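All chains are identified by letter, namely A, B and C, in their written order; residue positions are counted from 1 within each chain.
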Amino acid sequence: MTGFPRDQWFVAAYGSEIGHDLFTRTICGEPILFWRTRDGAVTAMPDRCVHRRFPLSQPPSRLVDDQVVCGYHGFTYDASGKCVAVPGQTRIPRTARLLPYPVVEQDSFVWVFVGDPANADAARIPRAPWLVSPDYTTVAGMEPLQARYELLVDNLLDLSHETYLHGGYIGTPEVASTPITTEVDEDAGIVYVSRHMDDAECPPFYSKSTGLEGRIARWQDIEYTPPCLYKLHSRIAPVGSVPNPDGTDPDAFHVEVVYAITPETETSTHDFWCVARDFALGDEDVSAFLAENNRTVVMQDVVALNVLEKVIATEPEGYQELSINIDTGGLAARRMLKRLCEKA
Amino acid sequence: MTGFPRDQWFVAAYGSEIGHDLFTRTICGEPILFWRTRDGAVTAMPDRCVHRRFPLSQPPSRLVDDQVVCGYHGFTYDASGKCVAVPGQTRIPRTARLLPYPVVEQDSFVWVFVGDPANADAARIPRAPWLVSPDYTTVAGMEPLQARYELLVDNLLDLSHETYLHGGYIGTPEVASTPITTEVDEDAGIVYVSRHMDDAECPPFYSKSTGLEGRIARWQDIEYTPPCLYKLHSRIAPVGSVPNPDGTDPDAFHVEVVYAITPETETSTHDFWCVARDFALGDEDVSAFLAENNRTVVMQDVVALNVLEKVIATEPEGYQELSINIDTGGLAARRMLKRLCEKA
Amino acid sequence: MTGFPRDQWFVAAYGSEIGHDLFTRTICGEPILFWRTRDGAVTAMPDRCVHRRFPLSQPPSRLVDDQVVCGYHGFTYDASGKCVAVPGQTRIPRTARLLPYPVVEQDSFVWVFVGDPANADAARIPRAPWLVSPDYTTVAGMEPLQARYELLVDNLLDLSHETYLHGGYIGTPEVASTPITTEVDEDAGIVYVSRHMDDAECPPFYSKSTGLEGRIARWQDIEYTPPCLYKLHSRIAPVGSVPNPDGTDPDAFHVEVVYAITPETETSTHDFWCVARDFALGDEDVSAFLAENNRTVVMQDVVALNVLEKVIATEPEGYQELSINIDTGGLAARRMLKRLCEKA
């Protein structure tokens, strides 16, 4: 465990999860209370009454208009976290307030900034425009992971595991056998890992959704912006097809796989996953197939990573892993995460 | 957690719980074995064989007349804790004995003294005579609480929470809005908190049991003798009625609510509760109503305090609460408890 | 807890448990992977891929001929622990290997050596030849114990507990009341405890299996070779019968009760038990009776020792037991175990 990166933006929820009801989620060990105010904005504040630490999301705590009333003693807060009523007296202590978290709703996600709000620069939030673009159809979900977020980062940065852990779903022999290229943009804080398979088996995930048969070109271009946003640009095309010089790529099918990797506690993680495609737009059968299939794949990872967390819990201190070429991207990501944690 | 107060009397059980069977309960982290001897006295000794620590309450351990036989190797103890038989030899080691706990059975409770028996002064045990008085009818119960006892002390010393946590049961708006008066008798070791509502809604708990309708005078006079005994003298009367100068109070209904707050472990508590009334004596419908209603109220507290214990388990060290006027009694109780723990 | 004895042989499994499938068991805190190769030998190596610590016994890890393929990224190991394939490259890192554990299959058990393999001397493994002898019929089992192995050693070295914990099964009053003799062979590393009851009740365990009725001679001769192998030579005969000077003993029934006591973690144990008899050979009714009855007895121990482990977990540090004559063998065993742990 390298700790939590501080002064960072994390995906807390899909926007669709938060309505005019109290909603709670723990991010980096901090329980956070959310609701959508009547003007449509999402609030975020500590889910803990300043008085006797009762969770404001816990019934009988309740939302009255745009104020939350603590279910224990009635301390009442407005949408900015300011305390507006306490029991037994009219004077409200000056320090009775909940410090709100900076929030940005963007690309279907609710992002919160964990750290010093003075450092919250919304321009630094990485984008995933496909998730709300009319040119794409997206399926998405979130699975709770009983493992530290670093294990999910390792997992996603090295897709050679598809061949073994996801064989029969998205894995074929070529994923493990094709070498990768890795690039690290230290200034932008991005790790790139590419694997271009020019003549590969088409796994069921893509054959059933695209209708392609036989061998394909399959390109995987990973773009990870630590700590939270992971994008896999996936290109599926007939063997021999390449994009045009102007960037258009009419013979190919494009899938933008997006993960948001949000630490819940030191040993658990919110595993948000989205699959956006530029074909079969609005086709509900294809959407249902991809949603079910991708969830199966995510759950294969969840089972494996939960096992790894248990292995870590019982292994002797100082246990050393062995890394090889496929790990280059993951190791670069670890170095970046380490710096984000140390800076804090 | 301030630790356990030492050299103190605690309620271990209702007398009715202990018969001529082995009975075990952990008090302040110490597992204690009880049984009622054939002459009617209650024994109390460590629930742990001196030989290989087998619990004497654990089958096949058993009571034979007034001796307990360990179910592992047969070490046998009499009602004073003296070992009277060991296997394989006739000589019994001098140190083979269980040090009994001082016990007093009083006011329906079995009190045990945890600490140095030389300091056990039965005259210091606070009284609750209504629980065994023919002038009162009592309903009672005990709920296991997965929270430290201090949270229950906080809860009971500040009844403004009735309005929120127990709304619809014993809470009405006046409880939270009426200021309290607090008095601390350092010599006697008692905290008093009073709230006299002279024109208040009558909650269902009292309207259904007394038959009073409309607005009432509702007085709450708390008397807490740390660490264990909490009494709420509750007076319900028509608006405007006051007790006579001679103390008689014929127009009022009196309810003596008694709690015994007994630490089980550092994070769990035995929550004994009793409701004694001076009206509808022997009326089984009223008894059933008050028993069910009060148990519901206790369980609302149990749920809330169990949540608080979990909050404490995951919050950062040094988290600071914010206290206001309603907390005056609770803070005084905390100071007294702290002294009782330090003295130990 | 005195820790784990190091540089020692432990029973990991019955040979019958291990076939041409991946099998895992944790010994002294180390998860170990086993399988039987096609030539019949049992392998033993760490159950943890050198790459990212995935358990090699965890699906989709799988055995392909005599090689195990990691289910996460496909690292492949042969039966000697050597890595023979990794994904994405042909060069295999020199350090990619799993250090095998020395294994000996003997007397129905699979023994593994935990410690420095250079110190593994198979001649030091204690024997239990009855378990595979045609002159004996054996029933056996293994129960997981949620208690440290020392508690099982204590239990087995002092059989006076049979009278209390196993009354009605193998316990009669004479076991607790008959004194023992204890001998310690420091050079051979063996503790002997004997109890010869020359005129005793016959417990159901023996009356139903031997057909003996009334009083019997019952000899219990314990031979414990720390840390793992415990043998109880049990002799049941008509009162007055003694073995012949030449060692033959035609009037007696002999039961060799063998336990292998293998630490799993610091607070859990694999409790292997075997009952070998030299009478009613091949009689399935007698086998079924002894298997069921002995398993019941073992489970009585399991329940009791699991309770003791919980008692230890909550008791104050420095709690002192009281020992008497019956504990002489157990105390000798503890001293030997302590030395085995310190030597490590």
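What we mean here is this: a residue touches a chain if its C-beta (ideal position, glycine included) is under 8 Å from a C-beta of that chain, and two chains touch if they have at least 3 such contacts.
Since the structure is predicted, the reported quantities are computational estimates derived from the model, not experimental observations.
A rotation of 120° superposes the C-alpha trace of chain B on that of chain C, rounded to the nearest 5.
Although chain A and chain C carry the same sequence, what matters here is overlap: shared residue numbers make up under half of all numbers found at their interface. Averaged C-alpha coordinates give centres for chain A and chain C that are 48 Å from one another. Residues of chain B in contact with at least two other chains: none. Chain B meets chain A in the complex at residues 154, 158, 160-161, 163-165, 167, 176-180, 304, 307-308, 311-312, 314-316, 319, 321-326.
Per the touch definition, chain A reaches chain B in the complex via residues 29, 31, 48, 50-55, 58, 60, 69-74, 86-89, 93, 95-96, 265.
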